[in-house]
Every structure is written in C-alpha cells, then in structure tokens.
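Below: one structure, written as structure tokens.
Chain nomenclature is as follows: A, B, C and D, assigned in order of appearance, with residue numbering initiated at 1 for each chain independently.
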Amino acid sequence: MDFAYSPRCQEYLDKLRAFMDARVYPNESTYAEQLAGFGSNRWQVIPIIEELKEQAKKAGLWNLFLPDSDQGAGLSNLDYAPLAEEMGRALWSSEVFNCSAPDTGNMEVLTRYGTKEQQDKWLKPLLAGEIRSAFLMTEPDVASSDATNIQCAIRRDGDDYVINGRKWWSSGAGDPRCKIYILMGKTDPDAEKHRQQSMILVPADTPGVTVKRHLPVFGYDDAPHGHMEVELKDVRVPASNMLLGEGRGFEIAQGRLGPGRIHHCMRTIGAAERALELMVRRSMSRVAFGKRIADQSVWHHRIAQARIDIEKTRLLTLKAAWMMDTVGNKVAQKEIAMIKVAAPQMALKVIDDAIQVFGGAGVSADTPLAHSFAGIRTLRLADGPDEVHERAIARMEMKRLSNEG
Amino acid sequence: MDFAYSPRCQEYLDKLRAFMDARVYPNESTYAEQLAGFGSNRWQVIPIIEELKEQAKKAGLWNLFLPDSDQGAGLSNLDYAPLAEEMGRALWSSEVFNCSAPDTGNMEVLTRYGTKEQQDKWLKPLLAGEIRSAFLMTEPDVASSDATNIQCAIRRDGDDYVINGRKWWSSGAGDPRCKIYILMGKTDPDAEKHRQQSMILVPADTPGVTVKRHLPVFGYDDAPHGHMEVELKDVRVPASNMLLGEGRGFEIAQGRLGPGRIHHCMRTIGAAERALELMVRRSMSRVAFGKRIADQSVWHHRIAQARIDIEKTRLLTLKAAWMMDTVGNKVAQKEIAMIKVAAPQMALKVIDDAIQVFGGAGVSADTPLAHSFAGIRTLRLADGPDEVHERAIARMEMKRLSNEG
Amino acid sequence: MDFAYSPRCQEYLDKLRAFMDARVYPNESTYAEQLAGFGSNRWQVIPIIEELKEQAKKAGLWNLFLPDSDQGAGLSNLDYAPLAEEMGRALWSSEVFNCSAPDTGNMEVLTRYGTKEQQDKWLKPLLAGEIRSAFLMTEPDVASSDATNIQCAIRRDGDDYVINGRKWWSSGAGDPRCKIYILMGKTDPDAEKHRQQSMILVPADTPGVTVKRHLPVFGYDDAPHGHMEVELKDVRVPASNMLLGEGRGFEIAQGRLGPGRIHHCMRTIGAAERALELMVRRSMSRVAFGKRIADQSVWHHRIAQARIDIEKTRLLTLKAAWMMDTVGNKVAQKEIAMIKVAAPQMALKVIDDAIQVFGGAGVSADTPLAHSFAGIRTLRLADGPDEVHERAIARMEMKRLSNEG
Amino acid sequence: MDFAYSPRCQEYLDKLRAFMDARVYPNESTYAEQLAGFGSNRWQVIPIIEELKEQAKKAGLWNLFLPDSDQGAGLSNLDYAPLAEEMGRALWSSEVFNCSAPDTGNMEVLTRYGTKEQQDKWLKPLLAGEIRSAFLMTEPDVASSDATNIQCAIRRDGDDYVINGRKWWSSGAGDPRCKIYILMGKTDPDAEKHRQQSMILVPADTPGVTVKRHLPVFGYDDAPHGHMEVELKDVRVPASNMLLGEGRGFEIAQGRLGPGRIHHCMRTIGAAERALELMVRRSMSRVAFGKRIADQSVWHHRIAQARIDIEKTRLLTLKAAWMMDTVGNKVAQKEIAMIKVAAPQMALKVIDDAIQVFGGAGVSADTPLAHSFAGIRTLRLADGPDEVHERAIARMEMKRLSNEG
C-alpha cells in the first residue's frame, strides 16, 4: 500500500503544474469572456480551449488517463490520481489534456472492447482530440441507478439495429464537436437480468436522433458541453456498431464506471483543495469587527476541518486507485463506492464554507466556487445516488461479518 | 404569545391560496417560457407578471406587507407572516402582490421617513406597482455587514448632493421598471460612528449612474430583476432628496432591516414547505430496488426531520413577528437575528434532501428546487452573514447573564 | 395558539423558581454527599429528598402535573410545561414536587382507569408521596418499541392472574419505597393485534417477583431510583388487580405515553437551558491564548445555535402541550412524536458543547453536564427509538398529501 | 508513503489477534466480575490482569510500543499502529501488553531523557510491568492546554526541590501499583516563556503528596486506574530527580505528546471498528416492523458512513505514523494534530449510532459501547481540546500559503 508519488508521476505532476500556472489559470477569464462573447448562441467551440489543447499536446500532457495502455502516457491509476486532482482545480482544464469525461470513459470502452474498425473510426479521432463523444445511459422515466431498469429498445432488423428511446443527462452532447454516442439499451427483455442490456455506437448525425433540450445544473448551462435530453426515434445503425456483442452492456458498464468514478473523485479533491486555498487567502485579507477573519476561531475550526477532511479523502482515493492497479476494479469495488460517496460530500462542505467567507463574491462568478458547488452537487446523483452506494457498502460489511461468523 | 391566525389573516390566506392555485402555479411554466422567449435580451418585463398584478389588485391581494398602515391591508406582522410564507412557495409570486423585496423595504422607508413631496413622487407609483426600486447599500471593497465600513461619499455642494462610490448586489436594479434607488453613503466621516451615514434618493436615470454588470447567483441571472453592480460618478441630486436628514442613515437602516429580514424568513419557510411537499410526493411515486422510496427508512428520517425543523422554525418566526407587533422591532432584535440565521439553514437542508430524491430533475429547471436553493443560500450572506448575527445573539446572552449576576 | 403563560402558570412559576433557588440548587451538593455517604449500600432513601418534599408540600408545589384534575393543581399541559422545564434544570428535583417519572404516568393511569378500590390502595399513597411505583413494559428479548411484540404472559387462573416473564429498564424499581408495579403483558395471544395486551397491578413484594440486577446508564446507577431487570415467575395476583379489563393494555398505554413524553421533553429543555447558562458563564470566566473564550467566534457560533435551537424546540413543545389541551392527545400525536425526537437531539448537542468549554470538569461530577447527557441520551431510545417516531411522522406526512391528492 | 503492513508487523498482528481471541475477549466478563466483587473497595489490582500479563510476556507480546528501541519489540510507529488499533478493541487490554497510557509515555520519557540511575530505579520495573506510573500536568485552575499557564511551583532548596501545587486528571494515580509520578511544574517564572517549566520525578509515597479524590468520567470511576486530583504540599525530592535539567520541561512535553496522541488515535480506531462490528451484527439479528434492521436504509446509510469514516481516519493515522518514522515528530506535527481532532470525532459518531441500534443494551454495561463513548469523549479535551489543535492546523495552513505568496 505505497501511496508515494512515483518519479514518473512526479515528473508529470511538475510539468502539469507548470502548465496550469502558465497557461490555464491566467486564461480562466479568457474562457469566460469568449463564452460570454457568443451571446445567446453559446453552443460553440471556445477558441482558447483549442489553443491550449495544441500546447498541451506539445508539452506531452495528453491522454494521461488511460491505465497501463500503450496509448497515452500509460500511467497507473495511482500515478494518474494526483494529475487528475490538479486538473480538478480549474473547471474546464481536463479537456485541455484530453482527459475529460465522458470522453475518457468512452475511449476506455473503445480501447478495451472496440473492434479494429470501430477503433479506427472513432477511437483515433477521440484520442487526437478532434471529436468529442457522449454516453447515453440515464433515462428520465426510470430510476436508472438500477441499470436493469433501462428501457430504451435496441431491436435487430436485418443487418441493422433500430433504436427507440429517450435519454437525458447526456453530458457533452451539446458540443458541436460531439460526433459519436455510446448508447446503452435493451436488446432482449426476456434474457437473464444482467444479459438484457447492450451497448451500441450511434453517430450523432444519424437520422432519428434529436437533441430535445439542454438541462441546466442550478443556473449553469455548462455550454458548449451541456447535459442534454436526446430522443431516439427509429434510429437505424449497422449491426457492426454493436460493442462486444448483444447482452454484454452490463458487463461493459461495470468496467467503464470504476475508472470514471475515481477520476471524478480525484478532480473533486482538487476542487476542494482550491476552495480551501481561496478560503484561507480570503480570511487573511479581510477584516470584520476590528479583526482579521483569519484570527477568528470559527474560521480556525472550518479551515482545520477542511484540511482534515481533504487529507482523509485523498488518502482513501489513493488507496482505491492503488487497489484498482494491484487487485483490479472488481475487488476494489467497495473502496470505489466509498470514495464515490465521500469525495462530493467532503468537497461540498469545504466549498460551502469558502462561499461563506467570500460573501456575495462567493455565489457569483467572481470566484469559481458556486459553479464548482453546482457541478459537484450533481456527483451525489450521477452514476448512482449516494443511497445506492451506501446500500452496497453496508451489504458488503454484512456479508464480510456473516462469513467471519 | 398568541400565534393563532386571526380571522382577518385567515380570510386573506384563503383568498391568497385560491389565487395561487388558480393563477400562480399554473403560470410557472408560462413565466419560464416568456423569459426564455426573450433569448439573450432578458432584461425585459415579463408579460404574465403584469397580467397577474392586475388580477391580484382586483382580488384585493395588494400591498399586504405594510404593518399597521392605512396604505395597503394594514395587517400586523403576525397576520402577514402566513401570507408571506404562502408567497414564498413560488419563486416570483411576491411581486404579483406588490410584496417583493426590495420594494417592500423601500416603501416602508418612504412611508415612515419620506417627505410629502418624496412620497408623491416615488411612494405613490411604487404602491401602485407602476415602478420598481433598488436599495444601494453593499459595497464590493469592504465587509459591509459592519455598516460603519461603508465608503460611498455623499458630499453637499450648494443645493445639491454629489455622490461618488461603487455598490453591488443592488437587487432589482436590472429591471427596466426600476426608477429609483435608496442609497446609503457617508456624509460626514468625522462624525460619531453611527452618525456618519445618510440615506438619499437617487433616480436611476441621473447622469453619472452606470449599471456596470449583473452578478449571477449560482448561474442564475434572476432576470429581469437581477443583482447589479452600480457605479456612481459625480452623481448630482437636489438636497431635498435626503431622507430624514444628514447622519440619520444608520437609524433608518435599523428600522428598515427588521421587517425585511422577517419577510425573507417567512418566504423561506414557504419554500421549504414546498420542497418537503415535493420530496414526499416524489418518494411516493418512485421505486428503487423493488420498493417505493417512501418505504425506505432513510427517507422517513429525512422527511420527519424536515417536518420537525420547518415547524420549529415557523413557530420562532411567528414569535418574532408577534414581538415586533407587541414590543417593537428593537426589543425583538434577538428574535429577528435568530430567525435570520435559522430559516435559511433549515431550508437549505430540506431543499438539498428534496434535490437528492429527485436525482437529475432536482438540479435542473424541471423542479423549482435548485433555483430556490441558490436564492436562499444568498440569505446566509445578505444583510449580514450568519457569523455577524450569531455574534450578536451570543453577546446578548452574555449580557443577560451578566445582568442576572 | 396562545402560548403566553397564564397568570395561574406565572404564579406557580414564580413560586417554583423561588423554591429552586432557595432550596434545590443549594442542596445539590447535599444530595451528592448523602448518597456518597451510603458507600456501596446505595439503594436507600436520600434524607434531603424527604425533607424537601415536606417543604414543597407546604409551599403548595405538589402534584402539579395532573392535567385538569381535582387532584393536584389542576393545571393544563400548557400551564405545566414551564414548571416541568424549571424542574428539568436539576436532575432530581421533580421528585421533590411529586412530579417525577414513572410515578406521574402511573398516577395518571390510576386516576383515569383505576377502580375506587385500586385508587384507595395505590393512588392515594402515591399522591401523598408515601410510596413510589414502577412501570414494567420493556423486555430484553424483543424490540419493545413495537408494543405488540411484548411476550410476558398474564394467564387467568380461578380468581387470580398468574404472571410469567422478564422485564427490564423498569425505572424506579430499585427504590426501597417502590411498592407497586403497573405491568403490561399478554392475556390473549390469539386476539386481534391490539387486544392481546393487558395492564395489571403487581405489588412489588408479591412472591415470584425478583429484581435481578440494575442497569447502569453510562456508568451511572441512578441510585436509589435505578433501572432494573425484573423477573416474574408464577407471580399470582387477584383478578381485581386488572386495569380496565383484559385486552385493554394497548389502549391504556396510548393514553399514558403522550403526557409522559411531553413531560420528558419539557424537563429536557430545562436541562438544555441550564447547560447553555453554564456554557455562557464559563466562557466569560476563562482565558485561552490571551483572550476570553467568550470573545472567540467559534463559541459565538455555538452559543447562538444553542439559543436558537432551545427556543425553537420550546415553542414546538408548547404547541404540542396546547394541542393536547385543546384537541386531545390523539390529534396531537404528530406534534408529540416531533418533540419526542427533537428535544433530546437538541439538548445533547447543547450539553456536549457545554462539556467542551468546561474541559475535564465537564465530564466529571463537578458539573451536572455529563450525568444530564447520559440521562437524555436514553430518551432517544426509551419509549420508542427515534426511528420509530420518525417513521410515524413521515407516514402522517404522506397520508396528508395523499388525501390532498 | 507505504502503508502496507510489514512482514514483522503482520507477524505480531497475527499473534496479537490470536491472543485477543483466546484470552482477552473471553475474559471481559471475568474482569467485570472481579471488579464488581470488590464492592465499594474498588481501588485494587484486578487478578485477571496480572494473569494475562504473564501470558502476554510469554507470548512475546510485551512492550510493543517503544519505537526503534532495543527495549521491547523495537517496532516503528507504522508497525505499532495496527497493534494499538487491535488493543483498542477491548477497553483494558493495552495494559496486558504493557502498552497502556500513561506508562508508555512515561517509559518513553525515561528512555530518552532519564539518567542511568533514574532508569534503573523506575524504568526497569515499569518495563517489567511491576509498577505503574502517572503523569501530573493538568491543573484545575488554569487552561492547561496552554502549557505555559502551569502554576505548580518547583523550588530549589539545597540538594532538594520543594514542590507545591495541585494537579488533576492524573490518570492511573488511583492504582495501588502506581509508584512514581512525572510532574510538570514551574522552576523559573521569570525565564523565557518556554524555559520556565521543568519535569521532575516524584515518588508517590513522598510526604506531602495527597490523592484528594478521584474524578469520574460520566459515571465511570475507571477503577483501579482512575483519574485523580493530587495535592502537593511542600513535597521534597532530591535534586537528582530532575529530568534533563531545569527549564526543559516544555521540550520533554513536546517529545512525549506526539507518540501519546497517536497511540490514543490508534486505539480509538480500534474502538470504532469494534462498535461498527457490533452495530452490523445487531442489525442482522433484530427485527422491527416486520423487517430486519439490516434491511432498513437508514442503517445502510449509517453503516456505510461509519465504514467510510473509519477507513479515512485510519489512513490518516497511518500517514502520521509513517511521517513520525521518516521525517520525525516535529515535521509530522500537523498530521498529529489532525488525527488528534479527527479520530475521537469519528469514533463518537460511530459508537453513538451503535448505541442507537442496541437500544437499552447500548447505554448499559451489556455492551462496551457506553463506556467506550465516555472514554473517547475525554480525548476531545485531554492533551489540548479540539479548538487548540484546530487553531494550530489553521495557522499552519495560513503560513504555508503566505510562504507560497
């Protein structure tokens, strides 16, 4: 259980931090201005992102996320963790390094389960940062946390599959660069429970696909990325778009979600770390009732609790990453569920306190805090609400003690 | 300490509830659609609001807030409390009844402290709902919770006053109907601490007044109302615009803030009550892991705690209102401070749990929850952050026990 | 909903406070010393208690709890509430006024449901404070919060009933003055669910009754009162000892528990109020790192939150009392459940913070805090754990909204 | 940052667990019975402890705590951590392995700072488990968390020192085997702030030493160990009893407290782990309202949160231990402060939830939970209250960011 940063990781981290300092933080306002400049026509590529992507590629900071792959940097989960944390400090910076969701998960699926043909067509441009992708799983009408509930129909028809259904919270589907969806749907309602689902590739421009609307998160549209509701009406794709084979959707989902969850947690820790930094700096710069806020004990309490909870959560995340590397995602499922619950819970408290010390600036766009809070609040819901993961953890505890007798 | 609803209050409440059911809730989507229809040109009057205002006037549901006045309904604070709570259930409904902040507070100031001329010019159209107003107090550069920190300069120059300063979180100043500001500034930096400040009327169209930008709240622009940053550069108004006299700003502020705080608390309780109602209904309509959410004990816990905390907070708010009516705002200052802290804290927890049971719909615009959360989060900061009020309460406790010996 | 103290209540309250100041608080150490003087032979009557009882009787402060009765003071629940709160400030003071559990509940049962003969034999000496009593309901082997689980058998045999079973948490059964038990048991296991149980009078000295052991609460034996485990083996009592009739135990329990719960809540609020007072005074008398604790903002936060939560909980308790008086215990059941959950939760937090400001003195016997904490912690379990009451509240909320449609 | 258990640690851990299973847990009731058998004469050696000590010695499980020493096992802090955690599962088991406070800290002081003569006289019998010791630091009259406040006077008089003062919370001083005190007092009130204090050896039987009383923790006397108030009146000891030299008390305290804190944290984690185990087992064995408690979601929530918080806190404790081993106690001071705050906070919540699921058994002596709660509650006060450590952590955060600029 060695959590020290390896020399390789440290080298990337130094480079990444230098890049963040030199190019990302100074451009946070540029990003906001370019987006604001679009007026109401916000679903456009933001130029500074494309510029920074080129620079990141040149700096060798590209596709860092793929564990033990010959694509990208080939870092382990443990090596990638501090890098993802660093990226989490700035809301949109992951994309700069081609490390942003849902592309990372989709690239992993294509790497592991795609055919040569599927990889040539979709994985290559994704790895190159030329196109983006979406993952169509959640449905508005059912509790999708229970994957067996999913209703979208994928029906075989000759050499094609025909898809009918409605998906929402399809993140990234608002982006004009988003060209491909990985869709989860039901091929056989009569099969054994975990063999009913399949995953299939659906090009975004297939007839019958309609992006109905975007879903704001609190008041943020997260343009041009967005979280969309997508209707699929008699959408026809060739049978060769099926991933791995009919009935294997659940299996792929299991493989996809572990890394996705840990990446989110790592970034969340970075967001909390930045919020704490902002909170501390603000407390040192403001005076109320004749005393620096930094000298008021209620802020000692909040700052100390924030530091403690960040440290504890980071260590648990590193442990989960280390287990994924050493014993595999399946054995690490309890640890992954634990950080899935713990990281957002921790970060929301830290960010909320940081907002409090900033007053009005904290809820507005003058700090990244409110936007960060809104995004992380969704992590308590996305990919299974807290309650589902807590149930899983509790049942694993019971099973362990039952076995011990 | 009789908190029963008086017959008069009950009569208004019945009428108000009928109006909400018949005209407000069914038009929540109309409001959203009309606003969306403006595209990026959002700082416009929303037609449905003006329609509903006419209907409310006809129904006798107009200017309900003015305590013991011959203007409006002349209700006591205690009588008004359940009405304000009811309005708090729908984000924008207070305006329909001409009961929305900051106009209510401004009308109260003009009623109590305005000259006949000031009242004719500004109070009359405000009471008629023809214009709106803003209150310019908070400044970006100082901890404004300590009112003595305020820096905006009001300098006498012949028959005029000349104003220079910068204000922010000037709510409502984004509205095209907003015609008049009540501004707090410093007339005499050398006077005794609580005699340095004055309040003065500044017409919105006075040369030198510039609305610099709007400040979003968790991504919401709250258009057309808005929270604005306003620059005042050599703004010249006639000396007769002074309210009550030089050096009396602090005194007016004290009188203004008590009722304003309690109105916010009442509305906040209404928002929490609605969130609980949504939470309970959702829990009865959704199934996860083979069981209604309503049958899962963690939701029993959350629903019960929500009901308990709403009831407790409502009673404390009624007590504060009753004290304001019977012993005056000054004696009631501890109770006012207590609900100022307690109501948002309670509501944020209830709303957050409601968001959780809704999943994605909870953070989006498909429920009023996220917007409600954002608005109420600002109440922990506006008009003094929690910490300032907690300090005041603690010191009153200490003083009480010191006197008892 | 008038919560003002009536003149009658205020008169009693003034008298009670004077008595507490003159005779109770100054004897808190006497009580401790007399008990300590017993050595390990602690199950004895503490002389100071008997002395104070005589004085309280003379002062007309006796049997204040019986609502609307011609026994005792005949106060309403609302009138009694502030008196019970006052008594709650000192751990053992309720007994001084013959207002302590479980005697109050038992006297109420005998008053309402006892025959003339039963009342002469047991109610009279209880009202006179000559004997004490216990209530034998909870059993070690089942979740007794669900009263239908109770297993103790009451079997008719000629003119007698024969009782077999095991009870625990029989509070007061350790006291040498405890002469009579009210026991809940099963007369007919085949009857309809709520008609299986009966209540019967069991004199403490009946053959077959064995007090097996006392159960400490966080190390406190609460001698001479105590919480006992009692074995009943072929215990034979005359049939005339049955209360109200076979199968009516559940009905009596329902009637008994409402007032019992509210008395506990009132006393709990008194305990919290005293803890806050101690916390504030201590904060004003101690210096750490060059500053009075009273000037440190984390204590402002805690003191203010304590004051807020005490006030809110007191108001809810008063409302429950007022409802019991005006619409009856059955209609008030939601409010009773709410304070049953809310009062201990509130008080434990206040007391815990008070312990913290006292340091070592807080956990020892140098303050009443730790003992108070321990006693109130049991209230989250006694007479139904929080979870049972939260479930009931949640289900009432659901029912209400279902009916509204 | 490698937290894996070394082979050496794992070997000890296996042996220790086997010993706990075979000899400690089965004797928990023996311990209670032997103590109860003493009646009110409780300050006696409990025979089972001495028996088990002999067996532990033979099993090579003796003096495991001394880091990198040739005394004892010579384990690192990181190696010792899981062993201390294991011991923390049973309230009194540390003493069986001669690993209990305050002896461990005192032995460490004597090992590091004692003269040959001092070591022969006191360290040897301590290491052999023949005598016990106490640490006299805290005083009733001052906030001793600020060590510079200490007032007990140590005055040089010829070849002796003469000591006058009053100490409390002198844990272990109630034990008849307690023969030696390490006392902290003031030798030079005029010296520079951190050079005023000294530590000196005071044999328990020195004339002028009076154990005035024991201080209960909640209702526990913790006999025969106990927490005592000790009066020192003209207590005369030879000058050779001084440790390290006059004015070096603060320096010794700093060295002593780090390891002491981490040992407490490790044991606290063990106590929490046992509470969770009890909570889970109980939830699987009880039925309420027709359903196992283990199937009720509020208990899923509590069990999962307990598991998460235990894991997070354990990792942080291991990190602190690892830092003490690799970079020293001084550099690790932030991590030590963090776990000092975090571990009791975590454990109290877990134990409180466990109490709740047990009902009455939870607060009584039928489970170890209430006693464990009481003991761990004192850890939020002992050796500096939370507030002192939170202040230290916050200030280190500020300093770090100030340096970064």
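Here, a contact is a pair of C-beta atoms (placed from the backbone, for glycine too) under 8 Å apart; a residue touches a chain by one contact, two chains touch by 3 or more.
In UniProt terms, the chains line up like this: A, B, C, D = Acyl-CoA dehydrogenase family protein.
Owing to the predicted nature of the structure, the values given are computational and were not obtained by experimental measurement.
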Labels of chains that are neighbours to subunit C and to subunit D: A, B
Those chains which touch subunit C and also touch subunit B: A, D
Result of counting contacting C-beta pairs for B-D and A-D, higher pair: A-D
Distance from subunit B to subunit A - Cα centre to Cα centre, in angstrom: 37
Whole-Å separation of chain centres (CA-atom averages), subunit B against subunit D: 53
Euclidean distance of C-alpha centroids - subunit A vs subunit D, Å: 43
Overlap residues in subunit A, where contacts from two or more other chains coincide: 296-301, 387, 391
Of subunit C, residues touching subunit D in the complex: 39-40, 138, 140, 143, 145-146, 168-169, 215-221, 227, 286-289, 296, 298, 355-356, 359-366, 370-371, 373-374, 377-378, 380-382, 385-388, 391
In the complex with subunit D, residue positions of subunit A that touch it: 1-4, 276-277, 280-281, 283-284, 294, 297, 299-301, 303-305, 307-308, 311-313, 315-316, 319, 335, 338, 341-342, 387, 389-391, 393-395, 397-398, 401-402
Sites on subunit C touched by subunit A in the complex: 296-301
